[in-house]
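Next come the structures, one after another.
Here come two complexes built around chain A, the first alongside chain B, the second alongside chain C.
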Partner chain A sequence: MDAVERENADRQKRWAKEQKVGEGTYAVVYRGREVATGRRIAIKKIKVGQFKDGLDMSAIREVKYLRELKHQNVIELLDVFSSKTNLNLVLEFLDSDLEMIIKDRSLVFLPADIKSWMAMTFRGLEFCHRNHILHRDLKPNNLLIASDGQLKLADFGLARDFADPGHKMTCQVITRWYRPPELLLNSRYYGSNVDIWSVGCIFAELMLRTPYLAGDSDINQLDTIFRALGTPTEQEWPGHTKLPNWHQPSTTYPKTPLRDLFTAASADTLSLLGKCLVYEPRKRISALEALNHPYFFAIPYPTHPSKLPRCAAQLASRAAEEAEGGDIDKMSTGPGVKAAEPNNRKRKLTSPEEFRVRSIARKLDFTKQANSP
Partner chain B sequence: MPTADAETTAVTTKKPLYEASTQFKHWRYSPESLADVRSKLNEAAVAVIRQTFEAYEPGSSANVLFLNAGEEHLLVTFYVTRITQLCGHFRFPEEVEATAATYLKRFYLKNTVMDWHPKNVMWDIQFQERLTALFLATKTTNNPISLEAYTHNIPNTNPSDVLDLEFLVAQSLGFEFSVWHAHRALWGIWLDIQALDGVPTDFAKTQTSLYDTALNYVRASRLTDAEFIYTPSQIALAAFSLAAPEIAQQWLKSKQAVSESNPSSPTQIPPGILGSLEFIKGLIVNAGQPPETEAVREVDRRLRLCKNPEKVVGSKAYLARKAEQEKKAEEKRNRKAMEVEKAAAEGVDPFGDELERPKISLVDYDDDDDDD
Partner chain C sequence: MSTTFYPLASLSQITKTPSREDGIPLELEEDLRAYGCKLIHEAGILLKQYTFLLFQNRKQVAVATAQILFQRFWYVTSMKQFGIGDIGMGALFLASKLEECPLRMRDLINVYDLLLQHSSHTLDLSPKPDSEFKYAPMSYFGSTFYDLKDALVVAEMQILKRLGFNVQVVLPYGSLINYLRVLGLTNREDVLARAWGYLNDALQTPVYALYQTPTIVCASIYLTTRHLRLSLPSKAPYCWWDLFDAEWEDLWSVCGYIMRLYRERTEEERVRVKRMVNKKEVRKWLEENVDSDANAKQDIAREKDSGSS
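And now, the complex of A and B:
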């Protein structure tokens, strides 16, 4: 065996594959462990043989970008190896995703919880953008949640770099409901602000607990956006009528204040949300600016990740892990996310259902604290 | 290693991104360590191939003149020049060419040129590696072309010639596909220069030849070890300095002024740049050219006599190795079949306790990952 193949085989031996946990469009995902430490991992196995062009672009992009990006709020690619005709990505194991949490009706979100998820999302995204990488597929089920509550950007299968601003790019990216208007209008020159729009949609969804701009076709999507945010004027989005896919809409929707829909949201919240959903891409807030927005510095402070609502699957898997004495938590609060008081008075106002879930979560946390040195 | 925990909301001190890259962490060498890597690789390769020769025909390695590390390196440099030809043929963008060249150079820090993977006698040496490295580069730089179109344009190739080595190339690169290039850094310098005090507004228009000359020096640097030793911006500055020394000085001064007034500026000039600048210029001027045809021909002739016989289709050693592999696979299939039968007899699902079996086979379920 050649040295390179031997090295590959040695890498492979560091990871033990266990049962299958999921299946995506081009991969099967297994749970597994790092042999040396017992650390839980996920192995994403991509069969290359089925692609007539060899390693496919999603896999290439995922490997290319995750190899470079190391950040608390970006899924960690621990290793890559090949086995016969498969490419295997070893990823940190993440119990659930934000979509599961949003859909779990037994969970009640506090404004501080939403703030915490948003802070982690923007932190991960700012890191990508600083590295000149566009994610281009942000949506709740690509925001995975670790057992310590940390949110991680995942699925870089559509990502690309944007070092070159004048470079033509495909507009066929981002899942419809999270796709910004410039892409719906087939703009081929865009930038990091496409991801910001998606984050705005996710922000709104966290408050509404249902997708905010859920168009049922690509054509209808633009109409859905205009209905919600008002038909853009030439003044607020100069040049948009010159974009390739522009058709003069039959109805002109008036601008309705976000407050009408998001009745309970604070002024800071609506200010940041509005800045993410600005029509003119260049006027949209950047991830870095967002992190410095007053919203993140105002009361209530973001919930500590470990105290965030978590869904049943997560609780079960966390409990199992603790029972095994697994060492999972390095439990650091992301800077800027100040931990809320565990006994925040507001907690008393939450539903009994939620109280139950939270108390379990807290109990687990106490176990952890007792275990830690 | 930048620790994630150091990332703060108000991003204050930023480590230059380049320093967090896999290129910076895994593909930088000193001239000495680079020479060391190559000579160790060469020694190990010679030992293995000598053994293979001996195993099949005792005494047969005695008269073989194996290539030394310097000769291997000469061939690799030659292959890089051929990448340029292929790219010209396809009119691939600079990014593809530069990336493929880097892939090929990195590949031969892990593989010897004496391991030959030819399938078609029409090809010159190491053609398959080049084809694969370039095809991979089209994908990793987001300039994909269908394999069909790719091989269609190269005589006597078929898709499997390209794909057979894709894993080997990717593995050799450590699956690290992202490359920081000097030509990009040069573009950055070029934009900066246009904004310097006293530079006329039509500078970019009237002085494009300066940029082109500098770009050609960057291209020449690809035939050297510069990218393994220096940062892309150092190489770009050296190239620009060869084209227009005074403007390069002016640019450097302006950057130093910025760094002094703002020590955490992301465009800070790395210490020691001036010393290395002269060195890189020397490297580009002296080593940045295609190797002499005669020298290549001579080494190539010897390569044909000392290449690893296990990799030469049809040779005794190749056939023996194939037979060995076949036997192993056969044994494994038998083992599997027996397991399945046994499990069936016991009423156990051999696929384990998965809740549902996949409808379409996305992955090769036969591929148990623990053997060889």
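And now, the complex of A and C:
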């Protein structure tokens, strides 16, 4: 046993693996605990050796970028160790994601809640962009929610660093509903503004409580976007007709003001949303500019993360947690749990068991993506 | 300018590398490291010819990254355990994924097979030096491909595992341009070319696993200015390398590593290195050259060690 293996064994002892919670193409996820503190963690066991191309690209990307990124609003990679033939990533355990919260019909979102989630999303994204990393798969179910209410960007399987100017990148990224028009038109040169479009879609989805631009195929997606935001003109988006996949659409949709759909939104809200959903990628707002947008400084101020709505499953899993062993809460911030209690009463408890499995399984369940984009 | 840092080997790893612990002498280890890096480089050049044009500039980055990962690897693993050929191949494969220009396994394996054949050819031919090298492609039904493929997958895994997934690499070229600009040396093309060359050659030495890029870049500029007889303020308290946070002792040590690369090797040394591309030969060499008694003792000690833990 050489020094490396000894060290590895020591590290392995720090984490206890519990039940399996999900499985994906390149990994199996287990729930676990840090032995010393009892803190809950997730262990992602990467399958090795069954692939003809060696280790999966997304596994490599995910680890590469998570090793570099440490931020309050980005999921934290706590440790990496290997057992006999597997690699294990130890990640923070997060009970739920934004999609579950959006879908939970019993929850009411205040404008301040939406502002808070948006602020956390932009903060995490700004950090990634500042470190020259594109996320390339932002969508509500990749925005995980921690037990203290903090939102964290997760799933860096499609992330990459900015390419050199003039270097082609793949346009087959980002889940369709959140994919910006330039990628739908097969642009191979793009930058951090692709992520901003996705955030814009998420922003709209938070207000509408249903996906904003839900196309049912790649071609239909573009049509959906144009119908919602108007067909772009040459002034609005110079050069878009020269992109590889451009076909002159048969119908030209007029521009409808965002106000028509988002009737209850404030002027600031619509201004920021509009700036995220600009056709011309270079004119789209950057994450840093977005954080300085008046929207975030206007009343109502963002809700404190601990007071944000949470979904039933999350609370149920926490309740189960407390029942089985009381000492975990020393890690989490106390007020978070207390503040959530009033919410708990309002909510119909849907079968928590089903949700609990989904909470992490969803993130890795690629079979699902085949049906819904 | 990039301010990211990357992990370095620890002092104990440097003073006693795993290979030295197994009885491989310092010079031999350095030569084997350099040869492994050279193979990576050659493979990179050959691969560039049959991949698409658009990946060209990216591929160079992958080669440099692979060489750095390769150097790091030998601070956690002994050459008795893994061969430099296999690990070099694995490093290049992994680096191609890290730098977003994934290679096809078959291409990489073909190229390595050719390189290894070529190197064993040059060994055989010492008596009759003018016989021409002819590459014999792998047989279609033979096991060579599958053996190499297995070795490749294992190597990739082992690199990731043993480096604890610390695969961030910072390349020095951007800093070089900036530093030369600060020093007002950009109008001299020979300065840039030479310093750039030193940085490339340094990829064959362990320095990228030992020092951060500013130190290495300063060393390359220092060697260049010495060679071209350019004078820069170098007397305390005004030393130009202070501008870039490099320490004199570190800088001097990097220069030493680079210059040792140019040492004239004897024919015997050259042949010895080429022969030891895989671990079998390394083990054989150790058996022949290192006191077998001491070896046995070491093995016993190790068994005890693993038994107790």
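As a convention for this text, the second predicted complex is superposed on the first by the 315 of 373 C-alpha atoms of A that agree within 3 Å, B and C clash if a C-alpha of one lies under 4 Å from a C-alpha of the other, contacts with A are read in each partner's own complex, and residues count from 1 in each chain.
We take it that contacts are C-beta pairs under 8 Å (C-beta built on N, C-alpha and C of every residue); 3 or more make two chains touch, one makes a residue touch a chain.
Computed from a predicted structure; not experimentally measured.
Assess the superposed three-chain arrangement around chain A: do chain B and chain C clash, or do they fit?
clash
In the superposed arrangement, which partner chain does A:I60 touch: chain B (first), chain C (second), both, or neither?
A:I60 sits against chain B and chain C alike.
Identify the partner contact of A:E68: answer first if only chain B is touched, second if only chain C is, both if each is, neither if none is.
Touch partners of A:E68: chain B and chain C.
First (chain B), second (chain C), both or neither: which does A:L222 touch?
After superposition on chain A, A:L222 lies in contact with neither partner.
Looking at the overlay, what does A:A3 touch: chain B (first), chain C (second), both, or neither?
After superposition on chain A, A:A3 lies in contact with both partners, chain B and chain C.
Considering only the touch criterion stated at the top, classify A:V80 as touching first (chain B), second (chain C), both, or neither.
It touches chain B and chain C both.
According to the stated criteria, A:L206 is in contact with first (chain B), second (chain C), both, or neither; which is it?
So A:L206 meets neither chain B nor chain C here.
Looking at A:I174, would you say it contacts chain B, chain C, both, or neither? Reply first, second, both or neither.
neither
Of the two partner chains, chain B (first) and chain C (second), which one does A:L153 touch, if any: first, second, both, or neither?
The answer is neither, since A:L153 touches no partner chain.
Touch check for A:M100: first (chain B), second (chain C), both, or neither?
Neither: A:M100 stays clear of chain B and chain C.
Identify the residues of chain A that lie in both the chain B contact region and the chain C contact region.
Dual-contact residues (chain A): 1-4, 8-9, 48-49, 52-55, 57, 60, 63-64, 67-68, 80, 82, 87, 160, 163.
What residues of chain B sit close enough to touch chain A in their complex?
1-2, 4-5, 7-11, 14, 17, 20-22, 44, 110-111, 115, 135-136, 139-140, 142, 144, 146-148, 159, 162-163, 166-168, 170-172, 175-178, 184, 352-354, 358, 361-364, 367, 369-370, 372
Chain C touches which residues of chain A in the complex?
1-4, 6, 8-9, 48-49, 52-55, 57, 60, 63-64, 67-68, 80, 82, 87, 160, 163-164, 167-169
Quick one: in the complex, what on chain A touches chain B?
1-5, 7-9, 12-13, 17, 19-20, 23, 26-28, 45-50, 52-55, 57, 60-61, 63-65, 67-68, 70-73, 80-88, 119, 123, 126-127, 130-131, 160-161, 163, 288, 291-292, 296, 332, 334-337
Using the touch definition from the top, list the residues of chain C that touch chain A in their complex.
Checking each residue of chain C against chain A gives 4, 18, 54, 57-58, 76-78, 81, 93-94, 97-98, 100, 102, 105, 152-153, 156-157, 160-162, 164-168, 302, 305-306, 309.
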